[in-house]
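Both of the next two complexes hold subunit A, though its partner changes from subunit B to subunit C.
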Partner chain A sequence: MRNLKRTSQLFFALALLLSMVAGLGTVSAQDLKVLRVGMGAAGTTVVWDVALATDTTSHTFIEMMFPGLAPRDETTGLPQHGMAEEWEISEDGRVYTFKIKEGVPWVVYDPATDSVVEVTDEAGNVRYVTAHDFVYGALRTMDPETASNYGYLPADWVEGGNAFNEGTGAREDVKIRAVDDYTLEITSPEPAGFLLQVYGLWVFAAQPQWTIEEHGDNWTLPENYHVYGTFVLKSYEPGSRVEIIKNPFWPGTESHPIPKLDVIEAVFLDASAALAAYEAGELDTIEEVPLPDLPRLQVERPDELYIGSRDCTYYYGFNVQKPPVDNVHMRRALSAAIDRQTLVEQVLGRGELPAGFFSRPNFAASATQEEYPDLGAHSDPELARQELELYFEETGNTLETMPQLTLMYNTSEAHAIIAQAVQQMWKENLGIEVQVANQEWQTYLDLLTEDAPQIWRLGWCADYPDPHNFLGDVFYSTSGNNHTNWANDEFDSLIDEAKVMTDFEARKPLYARAEHILTWEDAAIAPIYFYTKLSMIGTHLDASPSIIGIERYDKWDILG
Partner chain B sequence: MLQYFTRSLLGLIVVLFVVSIITFALMHQVPGGPFASEKKLPQTVLNNLNAKYKLDDPVWKQYIDYMADLVIPRITTGEWKYSVTNDYLFNIKLPVGDNTTLRWMNFGPSYTDRTRSVNGIFKAHLPVSFQLGLAAMFVATVIGIPLGTVAALRKNTIFDYFSMSVAILGVSVPAIVLGPLLQYVVAVELKWLPTTGWGTFEQLIMPAFALGFAQSALIARLTRASLLQVLNEDYIRTAQAKGLRNHQVIVVHAMKNAMIPVVTVMGPLFAALLTGTFVIEKVFGLPGLGHYFVVSINQRDYATIMGTTLLFAFFIVIANFIVDLTYVWLDPRIRFD
Partner chain C sequence: MSSIDASTERVGEALPEPIRLAQETERSRGPWLDAWRRLIRNRAAIVGMVVIAAFILIAIFAPQLTNYTYAEQNYLAINTAPKWVIDLFPKMKEVGQEMGYVRVNNDYRFGTDALGRDLFTRIIYGARISLAVAFIGPLTSLLVGTIYGMVSGYVGGRTDNIMMRIVDIMYAFPTLLLIILMMAFFRASFSQSEYGTLAYQLNKIDAAFGGMLFIFIGIGITSWMDTARLARGQVLSLREKEFIEAAHSIGVSDRGIIFRHVLPNIMGPVIVRESLAIPRYISLEAFLSFIGLGVNPPTPSWGSMISEGAQAIKSYPNQAIFPALALFLIMFAFNFLGDGLRDALDPRATKV
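Now for the complex of A and B:
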């Protein structure tokens, strides 16, 4: 018994000591504006390397730390002046000349002084961001040695890039160059209406050559991680926590104003854990809300719940070579028999938007069904039954004799619920009994590539904010992402035509027509819904939630 | 003893080799690959990735290269630049030449977490799982053994029923229920402890309890059953007949022997707890290693699958070895030679 007492005393003392140590750090942070964010899922790791990042969480940080030439405004989707103060486009629409903002220093966190310091070169001079850093950044991303997943993005849109990325062309032949320290010139292999959006992406951001060459893969450690944007990396615990602090040397641009916050602390938690922490007051905002809690939150905390959008579309594709979906009337019947409104309201319930077009509505050149109400797929049971009759007439089949249909999805609770709901709708509206089946994700992907099932699900998220990234990059006849086996010459030529036009408004009707071919005339796919992003935002915040899925916390503020 | 030790060590090596071959063969058999995604990568990019990670080589060559870099120590001289593909666990500086270093055990780069090596993943996450595992084991033992003992000594009394009810509760309430429940009551409502996170003692309490409680139930039931059996043995009657105090009979004679099945279970249990527990990590947002056991398989992150599997196999073998050693102490009749 005596022993037990002593142990418990020791334990208590230890606990006290630990809590005191933990308390020390927060005292000095009292006057600072600290935003505490719950992000991603537990275990999420951040890929800090600009050339290698592929996920939303990594991009959230990189967008703040490495502002691009013309970043997209996260609330409107339109390109803004970032590191490029101005730009000129040549007569033929292929050569883009950017004037780079002067006087932006490279900075790094200095643990010795617990502050942000400017990076200096061997001679002790401050290193400023120059056009050379942008050239280096784009070239490093497309370098085959780097083996970046996004290497194709700069490679596709800079002349000579693809040859370099393949290993057949020389680095010197890639047409991106620094005319002088603050003038960057990029030559595209062909004109395109969305080049400014592409050049504004992170894959074209400046990268710090000296630290990458000195430290190799360790350049992403906080002490080696040279950045120039609004915030600087202070500490990173993989899978659990990130702390970034304000860069006092950042001069501010249209896209990245001088931040009002001092510190942003991000923790990685699963949705329910994040909500618990949020409700306990440990977090100011969380990026995900668990679905079962949604009805309660709508009643208890309606002012904090925010439904934003993400650049993704959920769709069912048809393999147009497999009967009965080789027949367009059957495909149309299936598509029209899906009650999208009911699906998003009753089954999903996260404020998703029903989709009749494939590409997202919120890009500058996007055609929407509000503007073109007669085009695209519509949910209409009557129309569905008419199309089914046409199918029966054309093929001589009946409900009993038509081939069995199978809908496949990758194993996941969310996809299962949707598949079952759609299965039910097809049964009620058309009388067709469809089997649903699922497969583990990677096995499923293999199947799609090799021998796509009759009906399958996929989602598509934007790489760059333009309808071409949806229609052109997925369903162009030669695209590797097109698992439908469907090709249409008129569709391809519309895409080709719209691609090179620079006037957003003039491109819209072409995309609207292309959408109509894809989703109704040929009905190669049945778009289902546009993704949303649910978040909780504390009422004490002055927030500007993003419509593109990547939050720009550096623009937020804490009130009072 | 020495002979036993050598034999165990050889056994360890054989086990690890067999595990490595089976794992390597199995994971390359499964469809998919580390770079498959909803968005198909262009062929050029795939080629670059396969070249970088040497996935173009035949599988047997990949295996031999992997094992060679893991098992055979290398000596390097001159300037050394870190990269995720050549991150060694042991870097021992030799007192000769220009920066001559002995490097050993490279588990390779993670294919999906592009800026980290498998060794980097171990270094960042194993300590977390290790501390949590120890704490959970502590909770399990401190609750489980007394409960089981009380239940056995007061068989068929209210104490027994109470202890076993607690044990059944522990077994039947999984961590995925207990965790969020604790979180809600203790952290959100009572605000006694932080809900999530890692780094302070307060943050360790709830996950350690949630994890340890279920294991304590297992230990309690085993302790009870085993102790009941031992109490009926002849030597216990002898000890009592000799007039030893009841307290002494139980603690010195009965308990020690009754622990043998308990320790047998605790060995592998301990190994499993130390190498990470997926569910508890998710519930409490802990940066443990359990995440990588699950996610690496979903993502076909070959090097991480190999690393985590070998690490787990290593811990299991070591834990069983320690269990064997404790047998000798618990029961003097057990010998190794």
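Now for the complex of A and C:
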């Protein structure tokens, strides 16, 4: 008996070993192309809900899973044919008619078979993406009940949208409708040069009504998360890891070609940990390079280091309701005391440009400080001290009695270095001792929305290449992205006036004036620098690094 | 009669003139002197003491030892290292060599960090934080814990019961969690308070100490329970001893008995316990600063320096390793000294 048992055990072990070897064999035979990406900071959470996402990490995934009507090309920023095969624009420039691509099924990851399956309705028929899904998506994003920070964006550009978004108008009066299953018609309140780009954004993408209504907040769990784009969510471990797999049913469009990769595995690591994993060969690409390692990488891995443009602006915002930054002179003093030139050249040294205006200088309608040198924020310690004196005169405070200041940023090594450099500049130039504190990303975003601290850090990346996306979409008085509690009628009317003008040159002076109000007259924010993009891309990759805020990994390939 | 304590009891019993002799022995070789002799015979403890003394001197004379301040940022000397440091770490190569990337700057003894601050200056100022914690931690623990434990043990009965249940409740909180919560709470709720309020003043004091006040409060609140229990246990065993009864019988007040007779007898074990706990306080502060809840930047603490240096460890290992070395040295020194003190003050334990 005993002997027999041992033999059977041995046999079992052998069989197990064989099956494992066989298993390995099949995996390598399939030869899956897996791209391993190091993203964001450790602990980053992804907001999967298309209507609620506001950050670039979430949008990176959403852009792949919910292709818009006319998504931006990530290397040029120009709209391409996405879910809309063609479009017509009425003569007055207000009515856009999109022809939706037919035969794109909704899909979901099926854990039972470990594969992607098509979504079916109650009758067992495959659900295809229709114009109705696009109507539902846009309306859900602007619905006041969804409470999306981005709700104002579709609302602004669809007639009747603002009334609906503010809760005064009816859903039925919003002028976005499905003419038939594959024809979508959107009517804008005014014509604008960048309407197509706005309609191409994810806020106008299709959303799966049935699963959202059935599962509520849980619709973003992988088993309920119905998508139609190039990749499908397989697993998500909040704060650490995301795995998405290729959608075999995706037919391919100009903006979203059929992917060559099979799996994209994203891990959330702090920049230095990500670099260590990258250098050990555990990651194929990382989105951020730690500041101190830059000189070494420039000599050791020059072929893998990528430095390029990125349409984002780094800024410190003020909560204008909290003393002492409720006083404009205090805000101006703080803004002017930041030595932007030194910061970008000496401390960061990645080729960033100091920013005195908020919107990027490289858009057609952008006002730049080169053209308007007297406007906007300037780094000037003397001016900063004068403004501080004015603050003291106005409030009767002194350095001793003024309320204490806290500067907050989301946890990141680079933000910490910048915050400490600025802290020191404020101390040297103004004598103000500011405390710095940090929070993990999602907590930080919640804090900004609910009760923004006195001084906080954020970056803003262009959704479409127009200054309206910076000034109007972020700091218009009703914008959900405006965490300053600041509102200015003149600023709002300038934005209203400029956004409907089609002549880019004529818009510039209006935006220059608006910039000046935002960054100096009222100093609601202190713009700091214009980003550059810095990443490590393995030489075995066929990559197309992006200039827009998000990376399009679904277009990448692994060579060899 | 007040000089009747443990030692005289032990020495005096066999002698005809107990009090006079006791005074003599006190002078020549009292228990503390005995302990001291045993301590200095312990080599490791001596090394520990020397290291600690050196660090204390460094901390006191920090401004005289360096030409820089710990917050001073030199943007032209970011991430530089002197020649000897580059030679020390084979991974670091100076600019000019093949694959070289480290800029050489011999003005800074240990090099500079990502903001061009002098590492040496930050390390010696960091010693102030660690040493302050090393002394304030045990001090609060001794003060609060010993008195609390003695009162509890001496009074006994219901008071003892209630006081010890409070200790139990305090014990039920995980120390680390409690201290992290408290630090987060202090920082969040006191930092934006109105001028003139208590919270404002506390925060102002905290800011003046670079964030150490809240660390002290946090450590103080979570550290005294051990000592209280130990003190109570000692008191319970002493309470029934003859010399206490004798003191009672001649009418010495309770306070007199506690402070004159009980306290000197329990100090040995309590001091041993606290000196062994010092490395724990130091590492607790380093840990808090490492995760960003300790000192406020730019105040240097070895914990926060290691945390910042760790981000650059592949390119500039000196930024993390030097403060780590300092932390390692002082932890070892206190451990050695603690061991020595235990052997010295508790001779029974050594004979086992």
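We take it that the second predicted complex is superposed on the first by the 326 of 560 C-alpha atoms of A that agree within 3 Å, B and C clash if a C-alpha of one lies under 4 Å from a C-alpha of the other, contacts with A are read in each partner's own complex, and residues count from 1 in each chain.
What we mean here is this: a residue touches a chain if its C-beta (ideal position, glycine included) is under 8 Å from a C-beta of that chain, and two chains touch if they have at least 3 such contacts.
None of the values given here were measured: they were computed from a predicted structure.
Asker: Between subunit B and subunit C, whom does A:G459 touch in the aligned arrangement: first, second, both, or neither?
Answerer: So A:G459 only meets subunit B here.
Asker: In the superposed arrangement, does A:P295 touch subunit B (first), subunit C (second), both or neither?
Answerer: second
Asker: Does subunit C touch more residues of subunit A than subunit B does, or is it the other way round?
Answerer: B
Asker: Classify the contacts of A:T449 with the two partner chains as first (subunit B alone), second (subunit C alone), both, or neither.
Answerer: In the superposition, A:T449 contacts subunit B only.
Asker: Once the structures are superposed on A, label A:S272 by its partner contacts, choosing first (subunit B), second (subunit C), both or neither.
Answerer: both
Asker: Considering only the touch criterion stated at the top, classify A:I89 as touching first (subunit B), second (subunit C), both, or neither.
Answerer: In the superposed model, A:I89 contacts neither subunit B nor subunit C.
Asker: Looking at A:M501 after the superposition, I want to know if it touches subunit B, subunit C, both of them or none. Which is it: first, second, both, neither?
Answerer: Once the two structures are laid over each other on A, A:M501 reaches no partner at all.
Asker: Based on the superposed arrangement, let me know which partner A:V117 touches: subunit B (first), subunit C (second), both, or neither?
Answerer: neither
Asker: Which residues of subunit A are in contact with subunit B in one complex and with subunit C in the other?
Answerer: 270, 272, 276, 279
Asker: In the complex formed with subunit C, which residues of subunit A make contact?
Answerer: 270-272, 275-276, 279, 290-293, 295-296, 298-300, 322, 342, 346-347, 401-404, 406, 411, 413, 416-417, 419-421, 423-424, 427, 433, 435-438, 453-454
Asker: Okay, in this complex, where on subunit C does subunit A touch?
Answerer: So the residues of subunit C in touch with subunit A come to 71, 73, 75-76, 78-79, 99-103, 114-116, 187, 191-195, 200, 203-204, 207, 292, 296-298, 308, 310-316, 319.
Asker: Please output the residues of subunit B touching subunit A within their complex, sorted ascending.
Answerer: Where subunit B meets subunit A, its residues are 30-33, 35-45, 47-49, 51-53, 81-84, 113-116, 121, 124-125, 180, 183-184, 187-188, 191, 194-202, 281-288, 291-292, 295, 298, 300.
Asker: Note which residues of subunit A are touching subunit B in the complex, please.
Answerer: Listed in rising order, the residues are 14-15, 18-19, 22, 41-43, 45, 47-49, 52, 54, 144-152, 155, 162, 165-167, 215-218, 220, 237-241, 267-270, 272-274, 276-277, 279-280, 282, 441-443, 445-446, 449, 458-461, 463, 480-481.
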